[in-house]
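Please find the structures below.
Two complexes come next, and they have one chain in common, subunit A, joined by subunit B in the first and subunit C in the second.
The block that comes next holds the complex of A and B.
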């Protein structure tokens, strides 16, 4: 709405412009204040329940405290020293690393294969398969664990009965220090693969069909189509899937660990998601548990940052 | 790709069977008598189906109360998350005050903070406020979701700018623009997101495990674990009966809204 001032009345125009400018600034200031009111609830609650606890957790980690006693004893870095030297913490890190890698491989490969298959059937069947294959993702992990606990049962479990029928050896699953962590991984894969499957299906559907037709005309084989069209064009999807799986995977281990093994036998299936809970709410060593939480957060932060840096490069490459 | 549907169907049907089997086994066990459960016969369809495990489950654990608790918490969290995400996303995507990028980044970054890292201070805070074993204690710490704000900002940004401008020219203030224009125009996305919030909260375990120690304040996934390793071993029949009942609302919400649920999962994945 700016009107051109007639020549000769420059100073008047400036004065009027200044007043207008002030009104405009005041209006904008008001609009911004109102906008911050909309942000306020989320901002306040995030500060109280996410960012403040991060600080509080770090502060608690320098105390020895049992959750109920009125006294908190300052112990400096002792919790960290104990933690780094403890077998449970080292085993937890190793187990979490192994489980995260296994989870990432399994919940990326299986969904990719299933998504490729589901694209070869008619849309109506595709939807049926999609709904069924996604269904474990919708039920509660705690309930899933109750079901698997029953299926893992050493005597009356259907899993070992089926393996016996197939002439295969029956592992002791949850009570075996070799198998416990892999039993947890198995349940987690069953419960979570549907998410990546649905994302891969959408990623595949987004690839233009003409590309395949053109390549076919040129005489490309199925394997060549997959290698030279499907995989490269899926690269951004794969990247997203890898990132989220690797970040969320370790957190997903908590419920199966708590319900199926409690980290046992003899810490063999302990992992960082469970360890903090175990130290804080089973052993009531709050400071020690907070030290573990803080260390784990730092490790997690570094890993996430590395992944984002790698992702940044790959996304430009993958286009 | 050239369709070879028969092989694909065979493999997919097998995968579906494997994936669905645990749930079928849950229902099958729930319908078996204690005798058959430990008979070592492993029949999928029970020899003599019985509903006794269901009535045992209802009497051993206050199932209806647990159900009500889960419902109150899930609906409360869903409504609160939808509202807080809508307001924050509206500010970030449409009102756009200076500094919004910082706040948006702080919201989204909460997705990267593992729950285990914040749970001890949050537990201590709720305990000090005397909110253990209350709905408030169960609901309030999870009112904000970085995921929700992220998704809705994306949705609001895709609205045509002319829509909002028309509202402003009509003399509507920001509150009216939000509820008369923005929310109605994006109600499908809002509904899909709310279904996700509901399923997530209905299924959650760790926070209620810490906050609800009172038998009558537990949610279903937590209260159900009472059947696990009771004195004299786990009570498998009633446990599977309780599990069968507990999965119904989440599965129902999913089946009714599956198209929208799957779609919003997908947009979360693809918009990156």
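The block that comes next holds the complex of A and C.
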């Protein structure tokens, strides 16, 4: 075919090209339609069970309603105004923040240290330790709380007996406004650290042994190995553990709060998840509870967005 | 043709059966099933509920009772009930604590029971008016009083003996509790007293009534927690926990266990627990005394317990629910109920009837304290209005703060009362 095409053939080429384009578009549309069709069930479920409740809850936050009464009273921004002035809301936000930081530090540090230590022992004992350390994770949270309830007993609990032997003061754990929130954090850490422990163990085992051998040949000390090989190569694991713990940790507080203190004494151990439950299902102020839920959702949305940005920048996956 | 006829025949038969099922009423043999919600855990009257259901079903084969225990005492049951009402699947009958009847009567769709006064007058004979009044709100009958209880002071005679005190002379006033409590603490090293602290404010109201105060003003417009008698009573409780350190600050289950295992000498809780106390006291024979008085003031206690309310909307269910309530309050039902829990029978005469409860009262010495307290029973006030549950919780939170002892009771109760008064006006 000559490059100098006769006059008129251009339009033919265009027409042919247009037809091809249409076919291509139709094919692409068909391919996309199939993809959307495959996505539809999941998208519909997410819309119905995630986004619709979000919207409905936000709408409900402008009403005063008890779930049962036939009349809902529209109250405008009143629920939000009440909320920002409420001591319970303020305290539960502060408590949640403190608990989230404590949970993050403890359930990242403790598993890391334990994982490093466990890998030092012989493989046979290593498995024993792994089973023992992971077992709290497998127990149901309610049962764990029942066990801890008796350990916390101020008169004859194991915890205070041990503190007494050591000559330390014995707090009234669950009835003390200074200790109640930390008692709940303690139970939650004990119950959840096993999961991060397993992740750290896997992360440690993935570090190539040659790196350590080479460094040793160069005369590196144990501390240097940990500082310059273990920690940097564990960074992706650590970031994953940090992110999941900070966002999911506060949610783990609900069950121990419900069983051990009901948010008391006088809101001292309340947290945002439990407060929403209390407002909605103890006082039956559903609109007020929805307003709290909406505000808390916005707070967590911002935190999650920050985390995603950090994660995008900082994680360097090997391989 | 034969091949074609067979399927046709079966299809016609199936259609006929299906139509018959739709057109004919349900067969008489099929029982009506109703749900009954209660707060009776295995350690708090649960076995009596099972016994009642078994006996009732043997007498009424046309009704089946599904009994469901709801945790969290009356407040817990109320929460589940509100959710079930929102889902339009409420139980047919539920126990509503006296402290919550005003809330339930004003906020929940339910069956008003005045019509049964005409249709079933026999049922109401033998229940005193002052007891029936516990089911009234706004002049209408919303519930039938079922469990009626008073608080009593259980005590451990062994710890009294060990402290050199006479177990036949338990303290009659709070001053005596504190004086004898000091001796018990010094001589035995044990704590003297535990006042129950569940997720309700029954004992708090008992202390307020007992010192001559009122939990709620007569016109229902203001709470009375910041009045001098209320402040004085709550300050005394704080002092026993924090100053003289003779009283325990524990959750309900922790406190009962501490008493039963001999770590606390006295325990102020409901007579409804007498069976559990008697069976589980470890190493001593538990005894009971009336609630201590405040000096020379007359005894006054909040009346604990519940009414039975009907939430069934279907006529057949409502009929079955009424049958069940009739049975629970019948001499046979009340006998099982009182024996198994220690609740006082609404038909007071049964207590002296040798065919029913006289033998039980004769050989249940723990009950005497409750019978002695009964004439002094005051209402367990139910805070009215749509914020009633929040007001109750406000008093519970105030008590938690009082017992921690970081501020004097007066300051805490003033704040709590101001909050509650705002909620009352909503």
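Basically, the second predicted complex is superposed on the first by the 270 of 319 C-alpha atoms of A that agree within 3 Å, B and C clash if a C-alpha of one lies under 4 Å from a C-alpha of the other, contacts with A are read in each partner's own complex, and residues count from 1 in each chain.
Convention: a contact is a pair of C-beta atoms (placed from the backbone, for glycine too) under 8 Å apart; a residue touches a chain by one contact, two chains touch by 3 or more.
Computed from a predicted model, the values in this text were never measured in an experiment.
Novice: Who wins on subunit A residues touched, subunit B or subunit C?
Specialist: After superposition, B is the partner touching more of subunit A.
Novice: Once the structures are superposed on A, label A:283 by its partner contacts, choosing first (subunit B), second (subunit C), both or neither.
Specialist: A:283 sits against subunit C, while subunit B stays out of touch.
Novice: Quick check on the superposed pair: does A:163 touch subunit B, subunit C, both, or neither? Answer first, second, both or neither.
Specialist: The answer is neither, since A:163 touches no partner chain.
Novice: Should A:211 be classified as contacting the first partner (subunit B), the second (subunit C), both, or neither?
Specialist: In the superposition, A:211 contacts neither subunit B nor subunit C.
Novice: Give one of first, second, both or neither to describe whether A:233 is in contact with subunit B, with subunit C, with both, or with none.
Specialist: Touch status of A:233: no partner.
Novice: Applying the document's definition of touch, where does A:54 land relative to subunit B and subunit C: first, second, both, or neither?
Specialist: Only subunit B is touched by A:54; subunit C is not.
Novice: I'd like to know which partner A:144 touches here: subunit B for first, subunit C for second, both or neither.
Specialist: first
Novice: Check the residue A:93 against both partner chains and state whether it touches subunit B (first), subunit C (second), both, or neither.
Specialist: neither
Novice: Considering only touches as defined above, state whether A:303 meets subunit B (first), subunit C (second), both or neither.
Specialist: Neither subunit B nor subunit C is touched by A:303.
Novice: Can you give me the overlap between the subunit B contact set and the subunit C contact set on subunit A?
Specialist: In subunit A, residues 149, 153, 155-156, 281 are touched by subunit B and also by subunit C.
Novice: So in the complex, the part of subunit A that touches subunit C is made up of which residues?
Specialist: For subunit A paired with subunit C, touching residues are 66-69, 149, 153-156, 172, 174-177, 262, 264-267, 281-285.
Novice: Under the touch definition given earlier, write down the residues of subunit A that touch subunit B in their complex.
Specialist: Listed in rising order, the residues of subunit A that touch subunit B are 31-32, 34-36, 38-39, 41-43, 45-46, 48-54, 56-57, 60, 114, 117-122, 125, 129-136, 138-144, 146-151, 153, 155-156, 158, 161-162, 190, 195, 198-199, 202-203, 206, 212, 216, 222, 225, 236-237, 240-241, 244, 247, 250-251, 254-255, 258-259, 272-273, 276-277, 280-281, 286, 289-290, 293-294, 296-297, 300-301, 304.
Novice: If we count contacts the way the header does, which residues on subunit B are in touch with subunit A in the complex?
Specialist: For this pair, the touching residues of subunit B are 1-5, 8-9, 11-12, 15-16, 19-20, 22-23, 25-26, 29, 37-38, 40, 42, 83-85, 87-88, 90-92, 95-98, 100, 103, 106-107, 110, 112-122, 124-125, 140-144, 146, 149, 174, 199, 202-206, 209-210, 220-222, 224-225, 227-228, 234, 236, 239-240, 243, 246-247, 250-251, 253-255, 258, 262, 265-266, 269-270, 272.
Novice: Touching subunit A in the complex: which residues of subunit C?
Specialist: Within the complex, subunit C contacts subunit A at residues 75, 79, 82-83, 85-86, 107-109, 191, 199, 248-251, 253-254, 257-258, 261, 263-264, 386-387, 389-390, 393, 396-398, 400-401, 403-404, 406.
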